[in-house]
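Look for chain A in each of the two complexes below; its partner is chain B in the first and chain C in the second.
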Partner chain A sequence: MSSQRTAVENLGARGRSWGRIALVLGIAGLALGLWLGSARGDGFRRFEHAWLVSCLFFLSLSLGALFFVIIQHLVRAGWSVVVRRVAEIVAANTLVTALLFAPLVVQLLRGDSSLWPWADANTVHGNPLLEGKAGFLEPRFFALRCVLYFGIWILLGRWLLRRSTEQDTAQDAKPTLALERRAAPAMVAYALSVNFGAFDILMTLEPTWASTIFGVCFFAGSVIGFFALSILLLRFLQARGFMRASVGVEHYHDLGKFLFAFVFFWGYVSFSQFMLIWYADMPEETFWFRERFHGTWANVSWVLLFGHFVLPFAALLSRHTKRALGVLAFLAVWMLCMHAVELFWLVMPTAEKDGALVSGMDAACFVAVGGIWFFALARLAGERSLVPVGDPRLPESLAFENS
Partner chain B sequence: MAESQPALQSLVAEFDDVDSVSAAARAVRDAGFQHFDVYSPFPIHGIERSMGLRATRLPWIVLGMGLTGTTLALFFQWWANAHDYPFKISAKPLFGIPANIPITFEFTVLLAAFGAFFGMLVLNRLPEHHNELFDNPRFRRATDDGFFLAVEARDARFDTRRTRELLQSFSKHPVVECHASTESRAFPIWVRAALAGAGALALLPFAGIVNARFRDATSPAFHLIKDMDSQPRYRAQAANPYFADGRAQRPDVAGAVAFDHFLTDPKTLTGRDGENFCGTIPLPVSDQTMLRGQQRFAVYCTPCHGQAGYGDGLVAQRAANLQEPNWVPPASLHDPVVRARAVGQIFDTIRNGVRTMPAYGRQIGIEDSWAIVAYVRALQRSQNATVEDVPPAERASLGTR
Partner chain C sequence: MTASATTQAHLEEPYARPKLVEGAEDFGAVTQRVCGVLERPKPPRAWYIGLAISSSLTLLLFTMVVYLIATGVGVWGNNSPAFWGWGIVNFVFWVGIAHAGTLISAILFLLRQKWRTSINRAAEAMTLFAVCCAGLYPAIHVGRIWVAYWLFPFPNQMQMWPNFRSPLLWDVFAVSTYATVSALFWFMGLVPDLATLRDRSTTRLKQVIYGFFALGWRGSARHWQRFERAYLLLAALATPLVLSVHSVVSFDFAVSQVSGWHTTIFPPYFVAGAIFSGFAMVVTVMVPARELFGLKELVTIRHLENMNKVILATGSMVGLAYSTEFFIAWYGGNPYERFAFMNRAFGPYAWAYWIMIFCNVVAPQFFWSKKIRTSPWLMVGVAILVNVGMWFERFVIIVTSLARTYLPSNWGYFKPTWVDICTFAGTIGLFFTLFLLFCRFLPMVAIAEVKGVLPAAHAHPEHPKGGHDHG
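Now for the complex of A and B:
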């Protein structure tokens, strides 16, 4: 209800110590993952898949955050100001993901086709579908596109965070107005880059398969991942004494509503993709789902249907679960796990044809990428205020109430 | 007094802003009142807590209606497509969940929306065509800039004097009494008549259905949308006084010649030579004929007889899977009985059908039918061939002997 500025809060020394812990875990995970990967003796083929899943998981959290931040500026949202800074920091944390992802592209340029089979001339030769795509699926052009996608994401995330931080100390609303003005073209750039990025990086793992809604499915999962992470980060920070005066149950309620909405959106688009392929029953399309219903992969598919859609939909339907912070935090953890399962399910059937197998290497890769990613996140947060204290809509956000 | 003054309905206090009406609502709530309401030009955040309202039951109505929609849609699709009139096309299960999800989803949303809208009306006791509060001209400000709080006289804690004092202590405006309307609460007679008339009209279609269902019609069906069903033209064999012979159907002009093919040979047209079927194809057979026959066979015959003619086409396979009781399996073209048949009989079967095989005479032309016959003959020979049938020059390429 008050319009006074909240005290500037930042992570400071605690952020640095959390970052150090994350970095140690990340490096340990990296060493363990590399050792386990080399012990397999498959030329790091399986390791590359596990590494891709982990990179995509943490990349998707930033992409979901990017979407959230841009759309808040686009619609000039008032309620979300107090939770926006955390999202901005997550959205800006893509440079580290680009660096972690880069070795996969370097391997591709060196002629390693274990991840993207279209890079192997023997696979392409004699396959009219792949020969037709050969001009587009070409390692150097692919690398160029990756640079473009990551470039857009890094620039967008950094710009949103920089302008928003400027507003903390600005005397007028210029930074906010600039953000609002450029949010629309930013959203266009975001939509195109995420869609084509998903096509390039994820869908071409099966280069003969194509689904035009695939990028939207990846986007939906990314946004779910971000909202779940956002709820957990805010709970974590509040449990350690940060942001207690600014973020309340009303803000969690709205984040929960977004989580609920995107759980349904994910179910809607994923089912649309499945139903059209099921109904048309064309062998060149159905094989992608056949692989995912083969052996133990079928169990993973069923887990996704119920765990990623039906159960969380039912659980988040009620207003009470979105306002009971313990329940909401549990559902956020659940959705993050399901998001990881979904990415594993999207990537791994090309490497594990016979059935779903999770190994210690997968966990090690996850800890490696996650540790380094959280280290970079803590550094980005640094001495920055955790709440956009200079935002002209801050009072509206502090007084926000769901009726 | 009681006759001249109608019963007291409520005491109404007027306020100028949200804060004062909310404070008054909290005081009335804390005094233990149950039957009171706040009127404001816009929704007030937190007023439900100030008034001590219990949480709405509307979500449960919406959930119940939504689940009803899910169940009804799934049940009806199962009943229509898999039970009452099994939908036996394509290689899909009769009741495949994925195919039924879109309609189920739409119907769930539809009934949930109905539940939300009509549930809201019912819970709010709407529509209410008149309320005594409207008798007070100042109350109209409730849609503009006024805030009102009305405590109803039926509340157990209501006491005219003490309640008035309580309300007055929060309001700068005088607390006014609201009395029951002297006008009748009933709908005017013309509204009731119109509603009854509309209700009766709404029953007419059902009466029509019942009538059509249980009575034999003697006249043609009522034809509302005619499209191009009835056209101003003469039918074959109809009378037309315009012509001297009175017939609408005109004979060919004397000496008219068909400009297209003109097949007249009865053997070519019927496949029969007198009483017996022809033993040879009465048209010249070339490579072109064989290719045409292969292509027509693939279009018309393979669905049942299969690519190689063994009677294992997709339709036959599906009928076997469904264990259709009335299905006659298509003959294998390599059955000795079929192989022994004269070409004329195969031609006749294509033209006129046999058992449950329909007649294809209308779809397939005479020449094309003979082309198919030629192809069937070649197919039969190919499936019962020996090495001797292969020209000696080609034998080496087979890799045998």
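Now for the complex of A and C:
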């Protein structure tokens, strides 16, 4: 087995045509979304919320991928080499998300407080909780922090992809060693930026509410999203004839185990957040959950408990579901849907106080951001090999079997 | 040191996985080396000295416990406003230490980290001994120790139940479940090795005792098949326990409305801190132990280095949690919460706070240096600092918040009594006494498991010298 060489496969022309389809869908979604958003006559307030949910969804997939790639280098993993390139491409696809996210920050700088209410001086004035942190929740400082977070994510993702791609032709162990050495500081930068990024972008939507575990909850959801996406991308590519010689059921089994582990972890951290706030019962904290148990939002909360944790936990527990690829793919689709529901549940109650309402505009925004994101993903994949063919641990990954 | 130099060279060469143990290439040598520790007629002189000190301290512990029970909990420093003092500080400290063993045997097993085989047995033993030290505190602090079993819910004619909504009751379940599963896991792993010891016994007594606990193990293929299945199941069951025990311990504080205690990051942050302190204790103990008992080829520098990396990672998580807590205390805008944190850093307990920050956040950063994380005595220095720091972390959390709560007229300054200090010293003695006895009477390294990761265990017929290693 160890002498086996893998042929270089890339998306090539098919990637370009998939990218074009995605772009057309994206632009159509954008046009429809903008039209539906303006038709509401609320100064694009609801549209901005929908746009934020979509941006965060695709951003979180890249952030989950970034975590996966960094940790593979950090622990010198061997099994994952064949599935790592797809993850690297997903992780590097943050520039497009930054560009899609930027209009929201520009609107904020122009004085639009429909998304982040702390930008409105009238809201802050007379509220001691908000006045105390007015220097921190300040549009320009906020924009600067966003630049910093996205800068870290873009640089990390690009660097990991570039060094790994270099190895495809050079057949050289040096990039592996360099990636291993720098994975640890990269992880530090990642942890800080994701933790505080989640506080800034998501938690300040409700500026008087704070929870120290919030960043960890967002991280857990992101990693679930990535593993689900990774399983689906690999199934999609294999169904179209790519990577058939390299990725097998053993690799899916391991991705399924990680999906299971992070479903469990998500349940653990979400329960910690909910239970501690419920138990202490302090009104300055409980209002956040009260909003999410008000009207039809309560249904969404219950859907998350069972759909995001209990059912997938039970379903993924068995070895058979992780090795039956059809079942695993179904669960991956399920988890991606639940991840979208979770982000909707995190963002939208500030805009839809009375109950959970999904509109055509939410779907349009999702297609818009998703289409453009997948277009960029296909371009990034481009002529690159879909497997890190020069990685010194490739033979180990090809021969990998779960004992 | 040439052997370890080769290992280092292998790490620079990603085309092959380095060997996990050095020197001992065949199964017989591993057995010989590990059993040799128990079979030599007399242990080294340092063992006697260590046992003399630690058993004296254990005696001190028993004296203090008797004194406490005879006199009452008033002999401890717990008093208004700090009703929780060293008793719970030490309980949480020891429960934290108890986390390394299960992490190594369960989580690292599920993650296929085969290097764990050289250290898991000793680490699991430390887990059990630390749980003994921890479990002692809730039992002796109840005042009327003869009714300590009331901690457990059991049907009784008085219709008296513990409060099911109290995390203190959850603790009873979490810690006792953890102790049970860890003990089972440890004992099950020991069975094949006990059979080895039985078969090598030179006296009838040893043969009977080891034979009794070896449960009739003969090493047949069916035994091994069931052993491995049971091992996987216990690993999967123990994994959530690694998270649950210290999460529940953190609930003791976080469910309350006390400033500095009520924060949602507590569960994962306590778990990271527990693993941090547990690994530090394993390093502190294993470095002298491998020197003393000649196990350097089985517990290599690389094993120690890997543990130090886990210490660095978990220490950094703890640092991230500290900074998050501090930031949110400010950001949340609650003046009491802000005060609690400013009080920690600049109030009367600032000395404890800065010891904690130095030991837990600064000290592990030395492990970024390969030199320090591969030098046995330097790493012990850092690991001891971490142990000190993690004790202070619990002290800072518990005492600073209680000594200055919402009512300034009720503020105070907690001081431990000599009984507090002697009891804690006594638990350290108990821990080391049990560990030294373990070193002398049970195999410190999991013989059968280490054999499983030797190249010879993966030899293919066409490559009799050993094949690829997936470690």
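Following the convention adopted for this analysis, the second predicted complex is superposed on the first by the 401 of 403 C-alpha atoms of A that agree within 3 Å, B and C clash if a C-alpha of one lies under 4 Å from a C-alpha of the other, contacts with A are read in each partner's own complex, and residues count from 1 in each chain.
What we mean here is this: a contact is a pair of C-beta atoms (placed from the backbone, for glycine too) under 8 Å apart; a residue touches a chain by one contact, two chains touch by 3 or more.
Computed from a prediction, not measured in an experiment: that's the story for all the values here.
S.K.: After aligning the two structures on chain A, examine chain B and chain C and state clash or fit.
M.R.: Pair status: clash.
S.K.: Look at the residues of chain A and decide whether chain B or chain C touches more of them.
M.R.: The partner with more contacted residues on chain A is C.
S.K.: Answer with first, second, both or neither: which of chain B and chain C does A:S318 touch in the superposed model?
M.R.: first
S.K.: Which holds for A:Y279: it touches chain B only (first), chain C only (second), both, or neither?
M.R.: both
S.K.: First (chain B), second (chain C), both or neither: which does A:W159 touch?
M.R.: neither
S.K.: Have a look at where A:G78 lands relative to chain B and chain C in the superposition and call it first, second, both or neither.
M.R.: The second partner, chain C, only.
S.K.: So in the superposed three-chain picture, is A:I213 touching just chain B, just chain C, both, or none of them (first/second/both/neither)?
M.R.: After superposition on chain A, A:I213 lies in contact with chain C alone.
S.K.: Give the one stretch of chain C, out of 222-230, 276-284 or 402-410, that collides with chain B after superposing.
M.R.: After superposing on chain A, the clashing stretch of chain C is 222-230.
S.K.: Following superposition on chain A, which residues of chain A contact chain B and also contact chain C?
M.R.: Touching chain B and chain C on chain A: residues 275, 279.
S.K.: If you look only at chain B, which of its residues touch chain A in the complex?
M.R.: Against chain A, chain B makes touches at 43, 45-46, 48, 59, 63, 91-92, 96, 98-99, 101-102.
S.K.: Which stretch or stretches of chain A touch chain C in the complex?
M.R.: 2, 76, 78-79, 128-130, 132-133, 136, 173, 176-177, 180, 184, 188, 191-192, 195-196, 199, 208, 210-216, 264, 268-269, 272-273, 275-277, 279-280, 282, 284, 392-393, 396, 399-400
S.K.: Given the complex with chain A, which residues does chain C contribute to the contact?
M.R.: My answer: residues 12-15, 17, 112, 240, 243, 247, 251, 254-257, 262-268, 312, 316-317, 320-321, 324-325, 327-328, 330-334, 368, 468, 470.
S.K.: Which positions of chain A touch chain B when the two form their complex?
M.R.: 271, 274-275, 278-279, 281, 317-319, 401, 403
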